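Shared chain: subunit A. Partners: subunit B in the first complex, subunit C in the second.
Now for the complex of A and B:
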């Protein structure tokens, strides 16, 4: 019925329609670009510009062009360095621990027979819960007096007295990291499960035939195939964790005394509680640069390993 | 297809891991539920009851009767989330299709820049955005919220749908167009049905992002009756009310139920969406 079109065979996904006069692509994409420009591009450029000014919303007429003074101020700002350190700490631990748990979890779930696959759905639950609620919930569980965390630890004999979780610097950081991990592990499990399913069956069977132990199979078959997804997932989550606001804000508000203040919280406070827009913008620009640098290093490492 | 035989050691390991994972996953959720049914006295009991000694519905009753406009928060969240889903799906599909099929000069650059937008600190962009919204009267409006939410969900949606469209052979559309379809008809009839998992996944993510988002509603609305659930709850449970644990947990539970339901119903699309699309190594 349908004769084969006389257009030469195209490879999948590479639609090379040579109709250069059609403005169609632009019509299709324009709405998206518009939205993204309004909400992301314009504010970004605006922030870059604002960072060069001394601009406080409480005194909007007193807007002085101070060039790099904000950046100078940042260099000497202890809170800035503390929040940078906290951000790296928070992100680093969250991602690494979540990755390990997620990988192990995905492997275990992958081993289950089909009828248990609904279980994986349940394990994904913490991820859909709003950050605010995770924050409230863990705030309750880590409460000094009635927090269930203390009770469990005490009953397990790990601690004698109740720990003042959210009131002590290091403990507070540990608490928010734990809440964050609880919230995020499901995403890792999800991504790695997808990755595990994409490992070709014949490769796995070949490994078994050749007498590889489970550990050997993991090291030489599973890991190489998962590497791509591991890098993508962890990069995505590093970015996401840099941005993480709800959990920390509701659990500790950045306290006690800036010990859990990450860059986000600091910028938020500067911009919306102290209304110091100029300085906040400057920190934001620095953040972009830090994140871009991390991402580029990441990708470079990835490609280097591919060549080896 | 054959697999290894399960040794006893391995089976125990799997069982133990699974048990731990399930416990770790469900315990906080259970705690939230059980606290929401405790009376105020019971909440502060030491050591806390595992099972509420005097289960009560008073926390829920209080939620709906007092000054906390929780129903309004609900409504705001639902409305903005649903609108975001619709707008995101439409825009992502159009853009994803175009970026996959159509060749034009800026294609690569647009693709990369879409991804880069993910990296930027939303906090920082909120200040200029607030000023912009103020001037254009978008503060405290649903339109403003939906635009903001959509921008958050769009990059991921575009990438996901593009990945899916990439896997659909061009020949199918060519055949349809030979049969007399226009380009758009070919897209509608041929490509879209095949990318449904990606579209649904995009929709789910858009809904989740909109429902769970705290920053945008917190900053872009001053009027408490326009706040969505996360922002509203933060406003309500501050200061003295912070220790109304029972009420807080009840509010949390109610806020979570819609997303849990959606998730349970549609979760297979999530997995399909991530496996079928271009999210590989």
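Now for the complex of A and C:
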């Protein structure tokens, strides 16, 4: 005889009602939800509250409710606007250039004969190196005295005397973008390689049979297939670059002056060097809103892809 | 049935987890039977390769002499210690005692996190023994908040070999800013381009401002003085103009920390340097062939060139010890602080080894074999008396950021200097007026 599985049910007898048992999945998920709420929601709400106060760690007794004053201050803060501009510049250039190099790299890797398949793993190396180490490596490479970048450029006849890469506003931004691109290109290669593998061969063959040139096949077959993955990867990297801290901080510390100070560096300096927690929280909230908007676009596109 | 069983398993797991974590957190810091106390000592001495073995030896000696006290050393990098201590204090996780840069003591005192030490320090040490200048650097609102450990005034190091090559008298280092400017110009003309004329820290750090402060003052400028701001004064414009010339004219390298000039000095490519007493030890450690005799043949030290009125300035980079209000072992922490500041063991195993001054005048006099060398004598007699604290109070980090960002703008752009300094002035006024 097969015993009946016990199903929680209301007992009618003796006029008593038993509460239904909590479903097992809920019990198992509850600790995770609790931890995530504490780890994510609490700091977010706490930052929101702190952003409405004048609060400096160096003078904690002088904590005052100032409502939106910190947000108003942002409009008149040159450094905030410079940081926002730098963030957009750093993110924009990093993503666009990495995307182009990544696409090119993926196509090259895709064409490689099987015996070179090990190269794919080798190409991933920069991606797995921590940002702090990448920052230090490139800081040395762009050093005005001993940097290999100056030596190469001088030997190639491009520059006459060594350039102070990390001490000139435009050059410093270029240097951190180069370091960042080097670090993240493998991710693009990985994503695009996966995308290239998913293109049906018969479609490509059909295009070639129809007389399409290599460029036309790429333009009208490969690229449309990769479009979705390009959008998703780019959005993901926009979010990542908005948050990029270690490479910039180790290479320039946000300098010279504020030329490589991005929002995340500015928030760090305000909160942990100047201890201006109220104002840092306000900028943090604005930064979160911008990132949230980008993330929503990302999720929307992701769902669209799934529907296709 | 299924529900009860599952619930039972989950409950059992939770009990196990809680009991395991509970066991971990109930660990006490001391053995109550022997009243052993553990004090937490946050410091950068044990974070740095060059000083770690020596501080560990001193801690070991202290524990041997005080078997009821254990010192738990927490290494934190010098550049992070101020913000780490601030966060630890605000988070209710302050250590018992910490090593700090004296300029940061005021910030911690203003937060209300550290103990006032006037009543804690042994009377004979406070009034008779600590170098008064160093002891008074810990003043905040007329009370002392720090215990001097290592006085680190900024002196003026000059390279006699390069001075000779440049046609300068190696026994007559520049005594005033006017002489300094002339010597630099002459040396720049006569020395090869790979030689640097002066080591100046132009990073956006409090320590950057600290290193430039004696020269800023010698130029007659005083960008901030309590609630007064004069960042765009003619004297400050003169200093900024000179600084721009130093960078653009190839006299110094931009964006370098002052510690990064020491290897250049060790390679005999640096003419002048504003640095601390340990410059000698570090240069010697970088060039092992430099014996004391050879070092003194090459390098000399004196006070920073004076201002037009003859006044000499030096900025402090002293290491102080601070005790935290939240400490449950204040007496033990105090005992340890005085051991570090004024014990034979600390003098011999730490101060002597890393080439620094003692905190106490009595120690300086009592151990001539350790502290009687030419460098330390010059620092104690000629440089230490001219130390002036940075008059910025708890706003040090903000003020330093603004001034040094301004200086970076001066050296990395061609913008008009008065316009840059006007902007610095506006920002500093905002900070001082609490806006």
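Note that the second predicted complex is superposed on the first by the 263 of 308 C-alpha atoms of A that agree within 3 Å, B and C clash if a C-alpha of one lies under 4 Å from a C-alpha of the other, contacts with A are read in each partner's own complex, and residues count from 1 in each chain.
The working rule: contacts are C-beta pairs under 8 Å (C-beta built on N, C-alpha and C of every residue); 3 or more make two chains touch, one makes a residue touch a chain.
Since the model is a prediction, treat every value here as computed from it, not as a measurement.
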Which superposed partner A:297 touches (first subunit B, second subunit C, both, neither): neither
Partner chain in contact with A:169 - subunit B first, subunit C second, else both or neither: second
Residue contacts with subunit A in the superposition, subunit B compared against subunit C: B
Contacts of A:38 with subunit B and subunit C, given as first, second, both or neither: first
Touched partner set for A:256, first subunit B, second subunit C, both or neither: second
Which superposed partner A:145 touches (first subunit B, second subunit C, both, neither): both
Partner chain(s) touched by A:272 [first = subunit B, second = subunit C, both, neither]: both
Subunit A positions touched by subunit B in one structure and by subunit C in the second: 5, 24, 145, 272
Interface residues, subunit A side, partner subunit C - complex: 5-6, 8, 21, 24, 27, 57-61, 144-145, 164, 166-169, 253-258, 269, 272-276
Residues of subunit C that touch subunit A when the two form their complex: 1-3, 6-7, 10, 83, 86-87, 90, 107, 110-112, 203-204, 253-255, 394-395, 397-398, 401, 405, 408-409, 411-413
In the complex with subunit A, residue positions of subunit B that touch it: 1-4, 10, 13-14, 17-18, 21-22, 24-26, 28-29, 31-32, 35, 43-48, 90-92, 94-95, 97-104, 110, 114, 117-129, 132, 147-148, 150-152, 154-155, 158, 165-171, 173-175, 178-179, 183, 208, 211-212, 214-215, 219, 229-230, 233-234, 237, 245, 248-249, 252, 255-256, 259-260, 262-264, 267, 270-271, 274-275, 279-281
Of subunit A, residues touching subunit B in the complex: 2-3, 5, 7, 9-10, 12-18, 24-26, 28-29, 31-33, 35-36, 38-44, 46-47, 50, 104-105, 108-109, 111-112, 119, 121-126, 128-133, 136-138, 140-141, 145-146, 148, 151, 182, 186, 190-191, 193-195, 197-198, 201, 205, 208, 214, 225, 227-229, 231-232, 236, 239, 242-243, 245-246, 249-250, 263-264, 267-268, 271-272, 277, 280-281, 283-285, 287-288, 291-292, 295
